[in-house]
Amino acid sequence: MISGTGITKTFRQRGGVLGAREVPALRGVDFAVPKGGAVSFIGESGCGKTTLGRIVAGLETCDSGEIAIDDVAMSSLSHRRRQPYFRRVQLIHQDPYSALNPTRTIHQALAAPLALRTRQTGRPRSWADGRAGELLGLVGLDPGYVLPRYPHQLSGGMRQRVVIARALTVDPEVLVADEAVSMIDVSLRLGILALLKDLRERLGVSVLFITHDVATARYIGTDGELYVIYRGQVVERGPVETVISAPVHPYTQALLSAIPVLHGLESPGDQRVVPVEASGEASVEASGEHPDGCLFASRCPFRTERCERERPTLGRDGGTPQEHACFHPERRSVVAVPVSRR
Amino acid sequence: MAVLLRRLAGHVARGFVMILVVTTISFLIIRSVPGDPLAARYQKLVEQGMAPDAAQRAVEALYGFTPKGSLWEQYVDYMGGLAHLDLGQSLSVPGAGVSTVLFSAAKWTVIPVLAGTLLSFLAGVVMGVYAAIRRTGVLGDLLAVSGSLLHGVPQYVLALLLGAIFTTLVPILPAGGTADIMIDPGFTADYVGSLVQHATLPVVTYALAGYGGWILAMKSSVVTVLGDDFILAAELRGMKRSIIFRYVARNAILPLFTILALSLGLLFGGAIFIERIFNYPGLGLMLIDSVNNRDYSLMGGAFLLITAAVVVANIAADLLYTVIDPRVRSGEEAA
Amino acid sequence: MSATIVPEAGGAAAVRRNFWRGVWRVMRRKPSRMAGAVILAVFAFMGIFGPILYPDPLPRDTSALYASPSLRHPFGTDFEGTDVLALVVTGSRYVLLTAVVTAVITVVVGAGVGLFAGFRRGRWDTVLMRFTDMKLTIPGLPLLLVLSTVWKFTGAVEMGLVLGLLGWGGVARAVRSQTLSLRERGFIEAARGLGLSTTHIVGRELLPGMAPYIAMNALIAVTGAVYAQVGLFFLGVLPFESNNWGVMLNFAVFGGGALTTTAALPYLLAPLLAILLLTLGIVLVVDAMDEIFNPRLREE
Amino acid sequence: MAPEQGPPGVRIRGLTVVYRTPAGESPAVSGVDLDLAPGTITGVVGESGSGKSTLALSLLNAVQPPGRIAAGSVEIDGLGDIVALGGEGLRRARGRHVGYVFQAAQNSLNPLKTVGKQVLDLGRSHGVENPRGLLADARDLLGRMGLDGARVLDSYQHELSGGMRQRVGIMLALVLNARLVVLDEPTTALDMITQATILRIVREVHADRGLTTLVITHDLGVVAEVADRLAVMYGGRVAEQGPTREVLAGPRHPYTRGLLGAVPRLVGDIGEAHALPGRPPTLADIPADGCVFRERCPLRMDVCETGRPPVVVSGSWSAACHALRDDDDPDGDGDGDGPVVAAATGEEQA
Amino acid sequence: ACSGGGTNGNSTGGGGGVYTTVDLNKPSLDVNAPINPWNPKGNAFWGYNAMRIAWAKNTLTDPNQFYPGIAASWDLAPDNSSITLHLQPGNKWSDGQSVTAEDVKFSIALAYTQGSTAFAVDPGAAGAASDVEVVDDTTIKITQDMKNPSVTFVRGVMDAFVVPQHVWQSVVPAGFWDTLKAARGDGPEAEAAREQVKALSEKVLAFAPAQDVSAGPFVLKRMNPGEALLVKNTNFYNAANVAPDQLKLLNTTGNEQIWNYLTSGTLDNAPFTAVPADVMTRIKATPGNQVIKGYSPVAVSLAFNQANKPYDNVHVRRGLAYLINREEVTRIASPEGGTAAVTTSGIHQKAAREWLGAELGALEPYALDPATADKEFTAAGLQKKDGKWTLADGKPWKVTIHIPAPFSDWVSAAKAITSQLTTAGVDAEVVTTADYPLYLSELAEGKYDLGFWLIALGPAPYNIFQRLYGSSNGWNILGGKVKHSAPGKDGNWMGGPETIDVDGVGAVNPGELTAQLNSVSGDEQKAVIAKLAKAANQDLPVIQLWDYVNTQFVNTNRFTGFPEDDSDLLRQPSGVWIQLGMIKNKQ
């Protein structure tokens, strides 16, 4: 459905007259989202997840690499021709409050894209009104209640559903959900996740799920793939359950180990590595001591001299079921295991 | 430091271009002013009883002081002069250099304007803090509304009212001038007192007119800062009130510096009214005079001076900002 | 508790009705706002119907020059015995028309430039903002003083035009910075992602959020325009051809000696009072702008 | 200054905090009873708007207007009832006795001053005679939390990352030797790895310095990771409280159960997890009478509409639910005396 | 205002005291201006520290009467061909040097560079001097060029400023007089010489003496932007009779300031100032204040641009004249400073009585008379529709009067006129022009239909009528010859016809007649003036609105001896009163 090869993006921060600082946000990311499939990206803050999501949704351009939608390379198209393609990819914003215009009612928010859609498809005008209700029903909302209201009159979960419903007005084929549940109350979070899963199953929409909370990635669909990004590079990639239960890259292991254990319900995994601190010194991108070496080397408890010289690439060395970018892949069970209840 | 210098260089370059452009624009506008200064002079002489042909000849003597040549030549001439910091000769006061006239007028504007601004800034900032702290109370409301009103009331209205009160109804302040001529100038109590006495009305008007704006700006700034978490955090750490007050004040005043710089330009505009009403011989009065006399070079000089003052004030504000705000200093907010 | 309220179909008309109901609620929340609105309404009435209330030869009593206030002449008469109240009322049209034209231009140009610069960013932004900076650097009043000799301000509209063109800089800057911050908000990106037109994004998504801002600036522009215009007429540097408050001030002070004796004082105070009242009205109404345009505050 | 004592205990009784809204005063915290045992870490979880922060601020008698503490007391060992405290006494108590740590991403530091200067301000506020010693303490503390103390003290807020700021926040809460520490959402907006680090630091510092700690969070995992005891808040009331492991392993209140069931998990059957129906109450629609959870409760009964749920206490565990009263001996440990039904407090509703 | 009480007069006790006034010629002071009488803003104040040879009385009809200045007395040749000045004996500059005939001659040299009636470089200028001869130290003789003599010659001589040669020396190059002689000749050499003299003018204008060296009663001591302080010049010839020790000149930018000074009793004398009625009452109520009224040789008129329709039609002009209530206009605009014109004669009514005698009464008074106005309009072919007059072709007619905005009395007058016209069914409006220079240049460009115009400048008869039939109406005098330019050319904006048929006189060329006034004298002059007055009265190039009254204010609290009503001195600054020894300290 949508795929990317070698996506690279470097931000240039203006630092006055003299120095323009370069921030590599993505360093050659390859990915593919099959039709109706689910792909999750996880990684810590600033690793480039949002940037990738925005590139996929056409809100940002990449420096090099290629996005292909339905095997059509986007770089080959003019800006104008590209738009209809990107309209099939809809981004769902992390913050459901800022994603809805506070000055417009839900009805207005849905009517605008629906009107556009009506014009495009040549449907009768009345279609739009019915469609709005239909879509709200689809995301589990009562149209009569929601339509005339302003965003601030709805709860976070409801807002996020509205955002999803709005994305669905243009009949997208891919939903890019960037931290779509992290601002939602815990008790409602699963509802949104279930909705996304449901949309996959019922409408065949593919989901590109971006999160720093590995656990939620599971709920989009067990058949999905999980990509672990570190500083703009995919370091591990494979089926969700495999990567969670048997991670091989030390970074993945650190990430999974960092997840709090529900003591009482779970006990910590036996090989839980003490999570590597996000370097006391500054943000992640500051500590690039090994220009050619493994990006993770400075924080890696298992690094060898080779790691500092050479940068590993994504592959299946060591016969793991998932792809990884590590010279020393070793599966460790770091994830908590449920205690059997009395 | 390097950041400071870099910013300074950028500002100066930009300010220079700005002054150049503004000078050019004002040159064009000023030179397109219709009305013949010599004709007016001629009429005046005739009306004073001079014979028409003699008046004609007397006016011709003045002709030497009017700019000649095509507009472009005049422009090149003018800019050439500017490059040598020569603003030309005044047309209405033959023999006096524009810079002389300008600076002798400027001191009567700059000092009262600065004094008034400073006064209003201080008073406005203090009352603004108070209005912010008491914003839910009646007093805070009152302060805010009175601020808005004062802010909204035109300066000349204030000046007229003050003038009507203090020079006509209760004549305790002089109606014009800079100092009593009978007192020997010098750094004596008498002379300084007289200066102060004469400057009181203009300064108070500037201060009153500015006060409303400052109290509003400061109030909203303080309210913003009070809502910032670090203030609550400081409170929860048991910081002394005085220290918290300083935290609030410093953070809240910061955005006001830019406004301060910009307001200087506006104040020079207001000087026109205030000086006219109080017969206070500063730049504003000089500008009116120069327009009436079609003294092109003086008008141009006045524009240049005001523009330069605004540009410099902006630069100063920005540098001050840089010094005070570490975020800017480290070049984080290079926008 | 959900689904208990079944609302009317959310048509545009209903939304508009709700809006006005909200506005009413906001206005009612503080008596001062109502007072402000009433003041503005009275002025608007004066501006529109003033000349009908007082058709052309204004009530004039050449035997009572500078008459003091009385029942017949609540604000006395002027130098030629014309009723001052009639002058204030009929003079409001020029002042208000100028103010409205100024406000419209300030807002249209200011918001236009600000939106464009903020929305486009990049080179356009730089160029426009440099231009705006320059405009802000040129001292407005002195420029007007000079312009008044170059330009024949033959009517209120033209006057407003010039004031507007001189005054949009501040609005442009403010709108730009608002645009810059708003455009990073999710809903703008979402609208772009949905393929909505730029007109829609700017007109429907961006502008409403900035409405209080713009409305406030418009009102401030109105006061500014009244201020500058009346002031210049007061100074006597503007040519005039119709009755206007500034002209009244000028006559009162420079012709009637209102600052010297009391005879012309009512003649001076009447337009001053009008200016003060108008300012007061605007100040009081500005207070409500934020709540009017923010649905959250409006509905509460 | 005071002789070395053990960590203080805290007893919150009948605490009610109201906010003034256009529709009158509404309780954000109502009738909360909670004990913080000396030397323990207590975790409070709850969804957004459940009144956690309000509760935390009440511990410093620092509820911000338009809110106010309407009733109840907060008894702190060595300090007395902080609700009754005011003026200088209250100010001195803050920082010295009770340390407060802000959420990370928000800025709890003055952007115009270096961290060191702010430490000195703190010292000046509390009459510390030896500022140099205070700075040394601060450096030490930072060092213990894995930072280069000297450098951090010389830094401005904007020069620090989120995790570093959070650690500075903890340092500022402890540098005056406060023994009661309140952390409000200490890891929200931090990424996983930083969160883990902070949690580890919290645990270590707690043990090192012998503190009584209150951790506020909306993330069950965070409490599970650090807290000895756990209180679950809903709609301004404590739904259930008890030893963390016990509560997690055997939640009794229907809300706790639902919440646990709604937490996305790394392992286990996906199908078992469900979102709670409905939505959490906001200040405007908190029911005045009866159980605040009834709208979303699977065990809803008629009595839930009217009666405030009684607090059912069993040892160190307690829950407030009408449904629990009917269950016999819910903990099933067979010691026979069964749950004690405390008299429903807080009948006095404004 | 507050400084008034403390520092004025009485505190100085027995001696002089401070005399406070405003200089009419330089009401706005400029600290940067040089102490130079030719400089438009110069700080040489006429009558105070700047002296003319003599001070013109500006009597009603005779321009050749003077009060002594630098010259104590003078002998005039019977045919006006020369004048011999006798300087004040023993007069000294304030620095102690004597005022000599050489100083006067030197000053005349400077006058040549600045343009003057008597000291004109151009050959053929009327009333120009042909020779300046120092007879002895205190006597100097000036001869008129009799090729083109004029009654203005004497006035031209007397008006010359006298400055100290020893201070100004550097300004004039040696051999100036030779150059001048050459300049008054013909041919290219003369041309070059004239250029040389002209080139000097800038230098003279800009010359700034380091300090004031005065032959007047006062010397400038110091000034600030608000005030100038002059102290008594003890070397002044009449110093013994100069009562004030010090003189304070106040800066003013508008009349309202003078009103304020007057109501607070600050000013010992205020020169002519327009004053509204109520302010007048206040001023009069101030202890010590007195009003002196005298003749002011100027009148204001509503002038037509006859190049524009329908004002080319004399009936329209007359019709308008019948509709304007001049009494009311004057009462509204200048109740104290003017008397409504008895009619349009082109002459101030006071002077008119002298010049015309009984004939004045024979002129059409144009008293308010709507009925006659209707007749006139009808005669002009205008139409009345719904009570409103329209143009002959039925198009709307709007009388637009242009006024320079700063002249508040004119603006009030124009407003009053439009009100009157509107009431009478003639649509009218006032449009102001930002300032006087702009007004003048637009007026001269013919942009206005109607404007206000000062006329009747006395006392020289030519000056009276050149405002009506001078360059503004097409007649220019070039090299002694009168030339008429077409409307719209050479500053002809009034656009009147070149010849006018005057009842009882016949066809006249008013411009030629006016020019004659320069050369003819005595009864001849009277006859010409009578013709011109008639012409102006019938043809109405302007409607004379009011004749100014010289209203001055004095305060007798500190000084006495001020001129009486109608004194000729009222037309000279109070410095002249003081130097003549009139002003005395109050006991």
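Order of writing sets the labels: A, B, C, D and E. Residues in every chain begin at 1.
We adopt the following convention: a residue touches a chain if its C-beta (ideal position, glycine included) is under 8 Å from a C-beta of that chain, and two chains touch if they have at least 3 such contacts.
According to UniProt, the chain labels map to these proteins: A, D = ABC transporter ATP-binding protein; B, C = ABC transporter permease.
Being a predicted model, the structure only gives us computed values, none of them experimental.
Path length between chain A and chain E in the chain contact graph, taken as the least number of steps between touching chains: 2. Chain centres computed from CA atoms place E at the largest separation from chain A. Chains B-E form the pair joined by the most contacting C-beta pairs.
Inter-chain centre distance (chain A to chain D, centres taken as mean C-alpha positions): 32 Å. Taking each chain's centre as the average of its CA atoms, chain B (ABC transporter permease) and chain E sit 39 Å apart.
Taking the mean of the C-alpha atoms as each chain's centre, chain D and chain E sit 92 Å apart. Averaging C-alpha coordinates per chain places the centre of chain A 55 Å away from that of chain B (ABC transporter permease).
Residues of chain D in contact with at least two other chains: none.
Each of the following residues of chain B (ABC transporter permease) touches two or more other chains: 34-35, 167-168, 276, 288, 291.
Residue positions of chain E with contacts to 2 or more other chains are 254, 260, 263, 406, 435, 438.
In the complex of the two chains, the chain C (ABC transporter permease) residues touching chain E come out as 56-57, 60, 62, 65-66, 79-82, 148-149, 236-242, 250-251, 253-257, 259-264. Taken in their complex, chain D has these residues touching chain A: 47-48, 146-148, 160-164, 190-197, 199-200, 218-222, 224-225, 244-249, 258-260, 262-268, 270, 273-276, 279-280, 282, 296.
Across the interface of their complex, chain C (ABC transporter permease) is touched by residues 254-256, 259-260, 263, 275-279, 281-282, 328, 331-333, 405-406, 408-409, 411-412, 415-416, 419, 422-423, 429-435, 438 of chain E. Interface residues of chain A, counted against chain D in their complex, comprise 44-45, 155-158, 185-194, 212-216, 218-219, 222, 244-245, 254-266, 274-278, 280-283, 335-339, 341.
For chain B (ABC transporter permease) in complex with chain E, the residues that touch the partner chain are 34-37, 39-41, 43, 46-62, 64-65, 89-90, 92-96, 100-101, 104-105, 108, 167-168, 171-182, 185, 194, 197-198, 276, 279, 281, 285, 288-289, 291-294.
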